[in-house]
Structures are given as C-alpha cells and as structure tokens.
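Shown below is the structure under consideration.
All chains are identified by letter, namely A, B and C, in their written order; residue positions are counted from 1 within each chain.
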C-alpha cells in the first residue's frame, strides 16, 4: 500500500505538498513557453527528450507519481488558482510573439475538440470519425448567422453549439442499431456527406467557403485590437487566447463532472461490455446517442471560435483528416484521461509547427503515431485512472 | 430457508421456444418460481439452460411463449428495463467491467436506483455527487456483506481478481440492482471444491439476508445441486425432462441417463 | 435515347464490377478475421502506382519493347506485389490486433490507410499529382447497331472470371475449405490441424490481389492514378460490402452493383450530380444500416451469451 503511505506523508506535510504543486505547474508553464519560443529544431528535440524523460521517470518511480498525484488531490484549490494565474499571465511572458499566441489558440481549440471526442472514444469506446464535421457545422452555423443575419458572436456561439448538437443527435441515431465497424462507417460517411454538402451548396459558398466573418466585440472592445492590460499591450491574438482558455476551462469542467458522474460510469460500462451494461439496467442506446450529442456540442463551440478567429472558413478546414488528427490526440494523450488528452492536443498541434522540415509529413506522422500507440502503448501517455469516492 | 407452500409466484414462463436458424434451442418450456424459492437448473451442455436465462433477461427474444414477472408480461421489454423491474443475473463466462475498480462495478449495479443525467452532472453537481456517493456507500456495504475478501480488494481493477472473486463480484453487482429474482449462470464453473463450498456459503448467506429473493441457479456441481435448491428442473435438448425436489428427480431413469450419468447414478445408489 | 441508356447501363455494370472486386476483399477478410481491414481500399489502389513504377523501370532497362506485353507484365507484377503487401501489413500491424477490441483494429487500419496514401504521395515521384494511366484496351466493338467499348467488356469479363475463380477456390479447393473452416471457428480449425496464421496470410494475399485488379481497373477507367483515389474508392468498396452484408460474397457483389447503380443514376439524372454522388451513396449506406444492420444478405447473428 505504498500509495496510501505516500498520500499520508504528503498530507502530513502540507508545505511539501504545496511546493510540489507549485513546482510541477511552473515547470509545465516554463516548458510550454520555451517550446513555443524556441526556433532551432535541435533545441525542440532536446525539449522533447526532457519531456520523454520526465514521463519515463514518473512511470519508473511510481512513488514519485503517487506523491505528485496526492499533492494535487490534497491541494486542489491551490492547483486550480495557480493554474488559472499561469494561464492568465502566460501571454505576458511570450515577448509579444504573435505566432506563439496563435499556436496557443489553435492548440486550445484542438484541446477542446479532443476533450469532446474523448467522451466517445475514451469513455465509451465509440470510434467517431465525425468530430471534424461537428466542428465544421459549428463554424458554418455561426458564420452564416453572422454574415446573413448580423447575429453577434455572443449569440451565434451558443446557437451554433445547439445546431451542432442537433446534428450530433442525428448522427447518433444510426448508433442505435449499429456497432463497431458499422458505426465507424456511418461516422465516416457522415463526415464525407457534410464535407461534400459544404463544398457544393450555394449558401455555404462552395469550395471557397465563407469570408469576411466579422470580428467579435465585447463592451466596445474589438477582438481585432490589441489588448491592453495593466498598461501592458498584448497582440490582438490575446483576445482569442483568453476566450479559448475559457472554453478549455469549461470543457474541463464538463469532462470532469461527467466522468465523475453516473453518466461517465455508464459510458465506461458500455465501453467494456455492452451486453453486461444492458444487464445492469443501462440504456446503452441512449448513452451512446448522448455521447454523440455532447461531443458535437463542444465541437460546435470550438468551431464558432475558430470561424471568428480566422475570419474565413472553407470545407477543407473540416475534412476527415481533421477528425483523424483529433483522434490521434486522444489516443496518444491517453483515452479517458483529461490531462492526457490536453497534452496530446498541444503536443500534436505544436510538433509539426515546430519541426518545420517535418510539417510536410504531418499526416504521415499522425498515422504512424496512431498505429504506434495502439501497438505499443494503447493506454496512451497518460493512462486512465480508477475512480475514488469520498476521499 | 423454509419455503412456504403459499408463497406467491414471482416469475413464470410459458410455452417458451427459441430457434436459431434451424436449431431449436428451447422447445415449449414452462417454469414457475416462487418468492423466496431457489430453483436449480441442470442439464448437459447445450441443453438450453443459458438460453432460458437469456430469454428471461431480454437478451434473446423468444420465437414464441411468454415470461411474466409478478403477472406482467416481459415480452418486448428491453433488457435494461427488465433489470429495473427486478431481475438481475450473472453470466456463464463472467462479464465484469475489467478496467474499472471492483467498487465501480458494484456502483454500476446501482444504475437503476440513481437518476443523475448529463444536465445534473454538470449543473447540479452537488446533487449528482451526493447521489453517487450514496450509491458508493451502499456498494461498499453490499460488498462487505457478500465477501470480506472482496471488500478489501475494492480499489483494484476488477480484471485482476481471482476466478472465485470474479464470481462473487458478479453476484454482488447483480444484487446491487435490488432484484426480486436473481439468476446465476454456472456460478461455480472453473472453481475447485474448496472455492465452491465457500461460494455456496456466500450464496446461502445472501439468501438468508433476503428471504424474499427468488433464485434460479444453473449448476453442474452435484454437491451444490443436491443441497442448495428447493427444487430442480432438468433440461435436455431444449426440453424440460423433469421438475421437482432433487431427491425425486434424481431417481428418474431418463434424468440419470441424460444428465447425471454413471457417476451420479453411483451417488444415488450410495 | 436508347443508345444513351445503353451506355449508362454498360457504365453501371463496368463500375459495379470494379467496386465488386474491392468489396469482395473487404467481405472475405471480415469473414475470416472478424475485423475490418479498413485500409484494404488503400492497399488495392497501390497497384496502379506499382504498375507505373514497373513500366518506367522496365522501359528504362530494356528500352522500347512491345508496349502491350510490357503493360500486361507490369499489371501482373503489380497484382502480385500488392498481394504480398497485404500479407506484409498483416504480419507487421494487423496481426497484433487479433485479440484486441474491435475498435482498436478499426482505428489502426484507418491510420494504416492514411500512412499508405501518404507514402505514395512522398515516395512516388510527384506523388501529389495525378499520373496518366493507360486504358487497358482501346476501341469499340459493334454489337448489332450499338458500339460497345472494348474496355468495358474486358473489365466485366475479367471481373466475372476473377469472382468465379474466387468462388471456385473457396468452395472446391483445400485452401478454400480451410479458409471457410477458420472463418467459422478458429479454435475448432486449429484442432483440425489447420494453421490459422497460414490461412490468414493466404486470405490477405488473395483479397489484396483481387483488390489490386479492381484498383488497376479503376485507374484505367479514370485514365489516371491518384494517391487519394482510395479515399473514395475504398470507402465505396467497404460500403458495398456492408450494404450487401459483411462476410457474404454474393452480398458484396449485389452491394457493389447497387451502389454503382445509384452512382451512375445520380450522375446522369440529378443536376450537378457528380458533386453530390457520395452524398447519395452514403445516405443509402446509412439507410441500409439503420433498417438492416446486417446488410441485405448478411445473417443477423445473435451474440451467444
């Protein structure tokens, strides 16, 4: 029972526990900052090696991992506050580097998408290849509202999420009758159908997509303008940085609460054994449809932010390959592990950008990554954890 | 564990037939089960024992016939609703949620007694959490009452349990649904004699705590069949050969031939 | 009018034959392995690139030869190599997922398909661009008053031959019987001293080689080879197998004809149909799956509990 021993030790020494939390979080932030700002590919590789070494160390020395875990569990409030402070302060230490900020925004959107897919792939083991399509539906719905009806971003945001959710339900309906490969085919087909429709319909602008999506405003402040906080001027991307960070936070809250609830348990049950789950009284069909809906809901949000951030969208932003990319993030990060999925999203968004030589091969890289993880480490970088109650 | 003759029937089946393509796995079988009764089901492999359980629990849809729980027809009721109405089961090849903790397996058994949906989980967190924690507390008590050893392993993944404990956990998970009828499919398969004896004691204890629980138990182990059930039903080739107290059915020659075989015949002679 | 109608019918059967050659492999592999080999379409469409490579190598080695014989030789080599690649993929990747949950094999083979496409793109000279691919045969024959492209006749005839050979192999040869035994009950087959690993490899070879024929026909039909053809063709081949009922060979053929029929019909009748063809095809697939989850010819198996 080394685990309880260590949690006992961490509990008896709150200072050490708090120090652990602070050190781990700051180290993570510094690591990300360096990773974003470094240009030389050799240094990037070096950082990756450090990251790998840290993971291996955690895995080899379970007591260390247990101690970190216990510290975070015990000082969860401190961890949360410090984490928020770091996220808020992060743009200030990026030396005004707009590209780094841009990468942060994209990574965070992918983190939301990966968390969305995780409800299905991770929690319920439903292979959904249509998350990219839901992302696109959210983006197009909000952009169309803004362009045709002058609807403001803040109204379009929830409406687009609802539209995406409705499509998610529709996509979920075939899942009542189909499973595994058949269901995967349905989701792939759905993605292709959506892509072709976007590509060909008149009102979606065909292959050229939609352009001139207006920049959001909040209390008279345009998101296209630089953000001035405490006399410090941040590039305009910072507006969307904070917006996406908020969305990531909301997604984490969703993910955690659902995971730790009866719904998450039901998803986990049908993941392992659908028939046994039915025999415990779980309405398997309903829970599967629900997973589709929740996935589409969050993806719809991400799509809206993307559309308004970039200002133009086209069908090619939302292809099958986008879905596969998201899937890679979930599988590599760790299915059903929230932290893992987020790390997976950041890593796989940033790597091809940082290793430029490599970005030509990014799709190949994603494909190989998925296969390698499934063959060698199917649980991902951060394996799922058993639940605990009460303590 | 006296069973009074006046106990009402909880579960009954009539005229049950199950075909798989050309194969008739069950032909016009009828049965009854009274409140508090333990019914043993025996028969050679492929006799249709599991098929009967699958029909009752809504996993298979019978080609004809009907099942009634407390007088209400179960035909057409989906499996997950049958559980909510009070029929729980275990599986011949145990089907646990292996990557979840032992405790979670039992908490999942509380599914029909909890309510929180997506909306509650996200926006009414306190309520959802309290509900789930109550379910976890209930599950702990249940685990403890079924088997202390199992309770001590409650934070391990269910997939790591030893065979005997897997069987116990399946029973605990089924009991967590608060069933009126519990169906056990070969609970002692793959166990040695000592484990079987311990399991038998556990089942007895479970029944003693729940005098109203009706039990159907498919078994191969003759010691268990001889001592535990009030009544034994014999199936062969999908047909009911006999139905009565063990002392009576074991004397029927056809039953001895069909199932009990030479070994049991010797026992009967002894 | 009737001329045009006849052309459409011919076009339909030609396309249906090509799809069937790919769909049959999906169905065969599923029947034997019980997993979906999602990248089967991508494997099949490696063949045109292999053939082009062979042609250019032979051309540079031997100078100008009788072009038809070089072409036929190249096709045969491409078919054989594609078959071997199928086996290789099984050995290196797919084999690992025999006992894993269905979802893992599925995702892995989807990724494998992507890898294959990307490899063509990066390894084949100018792989991102379309490459001209010759017609197998040029010219028409006159049937009564109708002129029929020889190409269509060859495609249909070869497809029928290949499928008949496959049926014969499955039903009347030792290997075929073993394949059937393994697909019905792997463990029982092992008890009968059949080595399932060998049967899997044989199945992969046969399925991939037949798929290669389909891939070559498709490129020849389209007049070019493209690295991303396999997205459409692979998905359609898989859809055809699913619509027909995975595991059923006649089902795969019926599914192919059905989908090719819809495809041809939409392109001929619906305005701007060429851009919407996949929408219709996949709506059909989703519809069939919702109302007949086991496909048209598939048997609904009840899981044994």
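One rule holds for everything that comes next: a residue touches a chain if its C-beta (ideal position, glycine included) is under 8 Å from a C-beta of that chain, and two chains touch if they have at least 3 such contacts.
Nothing here was measured: the structure is a model prediction, and the numbers come from that model.
Chemist: What is the shape of the graph in which nodes denote protein chains and edges denote touching chain pairs (line, ring, star, complete, other)?
Modeler: Topology of touching chains reads as complete, every chain touching all others.
Chemist: Could you tell me which pair, A-C or B-C, is linked by more C-beta pairs in contact?
Modeler: A-C
Chemist: From the C-alpha centre of subunit A to that of subunit B, how far is it in Å?
Modeler: The separation of the two C-alpha centroids amounts to 43 Å.
Chemist: Whole-Å distance, subunit B centre to subunit C centre, using C-alpha means?
Modeler: Centre separation, subunit B to subunit C: 48 Å.
Chemist: Using mean CA coordinates as chain centres, what's the gap between subunit A and subunit C in Å?
Modeler: Averaging C-alpha atoms per chain gives centres 36 Å apart.
Chemist: Residues touching two or more other chains, restricted to subunit B: which are they?
Modeler: 59, 91
Chemist: Give the residues of subunit C that touch two or more other chains, as numbers and ranges in rising order.
Modeler: 305
Chemist: Could you pull out the residues of subunit A that touch at least 2 other chains?
Modeler: Expected reply: 275.
Chemist: What residues on subunit C touch subunit A, complex-wise?
Modeler: My answer: residues 30, 35-36, 38, 93, 96-97, 100-104, 106-108, 110-112, 114-115, 118-119, 122, 231, 235, 238-239, 242, 246, 272, 275-276, 278-279, 282-283, 285-286, 289-291, 293, 303, 305.
Chemist: Using the touch definition from the top, list the residues of subunit A that touch subunit C in their complex.
Modeler: 125-127, 129, 173-174, 177-178, 180-182, 184-186, 188-190, 192-193, 196-197, 199-200, 275, 320-321, 324, 327-328, 331, 360-361, 363-364, 366-368, 370-371, 374-375, 378
Chemist: Please give the residue numbers of subunit C that touch subunit B in the complex, ascending.
Modeler: It is residues 299, 302, 305 of subunit C that touch subunit B.
Chemist: Help me check something: in the complex, which residues belonging to subunit B touch subunit A?
Modeler: 57, 59, 78-81, 83-84, 88-89, 91, 95-101, 103-104, 107-109, 111-112, 114-118, 120-122, 125, 128-129, 131-133, 135-137, 155, 157, 173, 177
Chemist: What residues on subunit B touch subunit C, complex-wise?
Modeler: Residues 20-21, 50, 54, 59-60, 91-92.
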